[in-house]
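Right after this note come the structures.
One chain, chain A, appears in both complexes that follow, with chain B as partner in the first and chain C in the second.
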Partner chain A sequence: MTEERLLEINGLVLNFYTYEGIVQALDGVNLYIRDGETLGLVGETGCGKSVTSLSTLVLIPSPGKIEGGRILFNVQGKKVDLLKQSDEHLRTIRGKDISMVFQEPRVYLNPVYTVSSQISEVLVKHRKEEFLKKALESLKQERRKKGLKGSTFEMNLYERMLKNPNSLTNKILSKIPGSQRRFKLEVQREVVRILRGMGIPDPERVAKMYPHELSGGMAQRVVIAMALACNPKLLIADEPTTNLDVTVQAQILSLIKRLKSMFKSSVLYITHDLGVISEISDRVAVMYAGNVVELADVYELFKKPLHPYTRGLLESIPRPGKPLKSIPGTVPSLLNPPSGCRFHDRCSYAMEICRKVKPAFTEVEKDHFVACNLYGGSK
Partner chain B sequence: MVRKLGLLTYVARRLILLIPVVLGVSMLIFAITMCFPPTIRALLYIRNPQALTPENIEGVIKKYHLNDPFYIQYFTWLAQVLQGNLGWSQTASAPVFSAILVRFPATFEIIVFAAPVIIILGLYLGIQSAVYKDKILDHITRSAAIIGWSLPSFWFGFILMAVFYGYLGWLPPGRLTREVQHFVDSSQLFTKYTGLYILDGILNGQLAVSWDAFKHVILPATVITVIDIALIIRVARSSMLEALSKGYIITAKAKGLTQKEVINKHARRNALIPVTTISGLLVASLMTGVVITETVFGFGGLGSWAAQSAQQLDVPSVLGFAMFTAIVFVIANLIVDVLYAFIDPRIRLA
Partner chain C sequence: MSTLLHIKGLKKYYPIIGGIFKRKMADVKAVDGVNLTIMKGECFGLVGESGCGKTTLGKTIIRLLTPDAGSIYYNIPEDILEEIDKLEKENPRSSKLRRIREEYDLATFKGRKLRQLRRKMQIVYQDPTTSLDPRMLVKDIVAEPLVAQGLARGSEAKKMVVDMLERVGLSEKHLCRYPHEFSGGQRQRIAVSRALIVRPEFVVLDEPTSSVDVSVRAQLLNLFKDLGKDFGLTYMFVSHDLSVVEVISDRVAVMYLGKIVEVATTEELFKEPLHPYAQGLFASIPIPDPTRRRERPPLTGDVPSPVNPPSGCRFHPRCQSVTDVCRKEEPQLVDVGNGHLVACHVISSELGK
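And now, the complex of A and B:
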């Protein structure tokens, strides 16, 4: 298997500077995603899953600040540190190479624009050239069929736009009503095609709808359509099925699986549901209080969990006929996190050293990483 | 196609709903008149003061059924109102209806200049303030808005007048210079098409009149703008901040859109809704007179007339003004509702 890492997060530290103090939300997060695989990121609410995913797009909600670490991403064969890129460069990556699906589809769709206008926005942003060429080609063919020579204003405009995408004259000309009719038609066609690919019945009608007219599952399909419109290399799915009915959840999961194999994208799937994780991921990263505590192959992790927190998490899955177990204590406040290993005061294996030393993230077996002092990871 | 039809039915429905609202308002106003004895109520029906002498007052009371049950009186009154008869205004020495017709254009002329600036500039500043929250621009805008809002209009008006009239002599008070007023009122060459002197000046080809009227409008319009813009800035800022905190903003950023596209397309349209509401109410309340500003500048608009009538217990004038105010507010609300439907597709369904 090729060890091509698409995304690699090393020692990511992120703090929120609030009035009550500094919230140490991410305290050295490590993980990586290989080409074409699905990495499940599990953890309790507030452990930093969503912040990790937003950091990957370098969209840090204020008052957050990244204080350390690297986010390496493979752009055209070159590894670049996303944290060091200009905003301009990042905008060419967002929505094109990395895109995101969120928990509440209807909150993440703009209520005042139609489905089609929200999807075509991404297409026009990242695939403009392709549609200009298409529109030009179809206009040319049409004229050839009619036996006409020369070119129309619309065709000239497209040619100029292709040659000179940033010219101001072209921008002004393209504002003339009707001057981009064929281009818009091509984009519209693509929107419908994408929606149909999401398993949406009657995509022409859905495209004209507003978000409030869609059901939850339908809205989530639209959000996924928007995310996949430019065939991203990495899809970040932040609890996309949490608020959906179980049957719809299953549909969305199988949709993501199918699309993943179709587009050969990698997926970072964030959830607190271990059942979903076992269903969808190739590997799993377990997060606790701002740290990734364990990273392993999904079978390996379920069979041989190493970190005491992972074990606790797996034991707290309800099973019929067995008493429900839970991890004692509560998730610590990140305003004032425990010293050393952040899990030590809830851990039944805690040793003296755990109070003082933050365990390093070490590879104890091949491709099985754990951050725990039990495994000699301390340095 | 379906959407456009939806919008049309929505507007039609709002228009039909107007009728019961206006009727309700008229009933309330009529109820107030019932507090007065028939001898005073008779003032509400006459078209000139000669029509009401001690000798014929009984005749008026009889003609308009002023001793009959209230429902008969109401319909008689309503019939008169619908014919444009709102009684005699002692304050204006004219029928109430024509008093309003003469004074409303004056107020309207101020609003035509003040309102667009208040709304457009206020919206712009509010949005910029939200985008640069807690930065210097935000602090400056907010402090300036608060200072403007806290300025007493009579004080601010006097200062402006002292500088621009007393000291510089540029912008005089009143509605027109005396000679121009005389020309406008008596010349055969000047027809008052609209009562808006700036517009009438253009229509009559008398640009000097327009220019004179414009000079008189600048100061009152400035006072109103500086004071009331704060309201729009604050509403625009807070609704923009709310919009910027929404999930769809993260989606828009995650699509790779620029900051400008995110703000101008995704956030602004959502922030417009509260601003529309406040703008509608603000413009309606300005239309029905800006008492202090008009008084300071000796600008004969609706507000100063209404204040005078209230002082002199001129019942028909006050009630006519109340009726007019109600209608302006109802129309303003209608316009706001229609604008809502344009801005937010969710409202068309409601």
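And now, the complex of A and C:
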């Protein structure tokens, strides 16, 4: 293993405790993301794609419980298990080291705040010190130019805030109207700079808009801007282009690609569209009913899919001139998943062993992992 | 192959009401002068971005919406069509033309005539979760059109319902269930059987596969193909998913801001789209093959508002080969050979040379 792994999920098990019973949403998920690469996570509705990404941020909705496994994330050269961190520590990671872009941009933007106030919230939360210093510096320079000595109340306040970020007096003082004018101005400038980087025309005007004034593609750009405001190491994009038109989708995809190489971030891109996957990812993880069934390089996966489910998925892409194939049956209920391999009742290669034994996630070829009993022995 | 539908200059505007007197402030020009012909037995695809008026066009053709202008001729003899053409050219206000239109033009139909028409034209909506009544049983949902049309009742209707359900891949045991007990693909099958139970001739499929997964989508598309063959249906397949349209359609029309910009057979259009918008649209499809990635997005900018569309050619602010004439004059659909119609000044001037 030469490349550094940024994120590593090992045997993640997650159950939802509902009235109808235990929904076994994730059943030992294994995947890893290297530094600076894009991992595409593909699967049908309800296979656990989104839950996997939410687990990475340790944001599991209430009846859900993580029952096992590890999520190792590389923070400043050290590998930490995100599941064992305190809430407070997690809050400093979320939005700063790992951030997320969701499917419906308009749902995730607050309708009563302007674009700029929503983006600056992230900046103030994670990069406050930087902006305080900037504001202080620019105030000092201004006074020097005018030939004045001493300092104003605003400068004193910034100095105090820098020295003692958690003091209550400073918090109260900062509520005085106008006391943080320069600081807010600096944040505003950064917001406009970020929006310009997203390829948004006329960013000063857009910054003052409310979410309902934006088109779908524009709203998604704003959400991406928010996610990238702190140069995260990992960007999780959960079907960010599903509700957009193909032309806008193409724009957003090339934007994500450009930003990724600019910020040197890794991306976990979740989608059910295989076309998008082949467009954007370096490696692909295929999920089925709470398991990652195949993990491989994107060229390798499209050329030589190993798992029967991956093959079925690739064959059900409409291609002109060829008869459409479909995978028989439907996705099983996770309340009562099939025993052994969860795909066995839809699999045309199913053997006796598949009904009983859950296949292990094995590296069949270099960097090509499969969870299937067909390849279990050839390790 | 004979023509089933002739659509001429069809317009549908939605008024924007505002101000203290609730006056009409402006119009959303959802469908703005569409000319189309649909052949008997074909599957006619209609593609375009969201908000371009695809769904409105589909609904207006089957008269779920009343058009503001234009006419729709359904299955009429050639000689009458020729007469209409002649009359329209000579004297568009003649009483003879009015009489013919009242008899044949769906846009003028009302009351009983319209209800009889519903038997021949049906629609399958995008999202079966919202288009099926959650408080009705499957047997009632599927039998409702029969009862409404007065075609069958009671046990006779039930027999037809069971036959129909079996045709779409469901069975008798599903009769006494509610829509929420089904998966998305099955629900769409119920919606299809409801549309087909009155044995229509023309069916509008309004993005029927956009709410289901890839593997279910393939099943549904195969079902549509089989049913189309068995019942001799003519489809209008409205979708923004180009890969689906490519598989199922015989001919495809590309729509942009309420206008048709290109019509051609599927092979021709997907091999070589001529209109700059169609080219951009087709180049935007992500190809499920990592060896064929592209670097830049083919189209930039957003679709302009249909309330105040750009002058001249509606695509000119985003077009790369824009000329002066594009800003002023609206291009008409021109046949470039083989029934391939394009509305673009650049292409028609190249052909003129």
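Quick note on the criterion: the second predicted complex is superposed on the first by the 374 of 379 C-alpha atoms of A that agree within 3 Å, B and C clash if a C-alpha of one lies under 4 Å from a C-alpha of the other, contacts with A are read in each partner's own complex, and residues count from 1 in each chain.
Basically, a contact is a pair of C-beta atoms (placed from the backbone, for glycine too) under 8 Å apart; a residue touches a chain by one contact, two chains touch by 3 or more.
Bear in mind that the values here come from a model prediction, so they are computed numbers and not experimental data.
In the superposed model, A:V246 lies in contact with chain C only, and not with chain B. Contacts of A:Y108 after superposition: chain B is touched, whereas chain C is not reached. In the superposition on chain A, contact of A:S278 is made with chain C only, not with chain B. Contacts of A:L59 after superposition on the shared chain: chain B is touched, whereas chain C is not.
By the touch criterion defined above, A:V191 reaches neither chain B nor chain C. Residues of chain A that lie in the contact sets of both chain B and chain C are absent, per the superposition on chain A. By the touch rule above, chain C contacts chain A in their complex via residues 49-50, 183, 185, 213-219, 221-222, 240, 242-244, 246-247, 266-267, 270, 280-281, 283-291, 293-300, 302.
By the touch rule above, chain B contacts chain A in their complex via residues 3, 246-248, 250-258, 266, 269-270, 343-346, 349.
Chain contact summary for the complex, chain A toward chain B: residues 54, 57, 59, 90-96, 99-100, 102, 104, 107-113, 121-122, 125-126, 208, 210, 212, 223, 226.
For chain A in complex with chain C, the touching residues are 44-45, 215-218, 245-251, 253-254, 272-279, 281, 298-299, 302, 312-314, 316-320, 324-327, 330-331.
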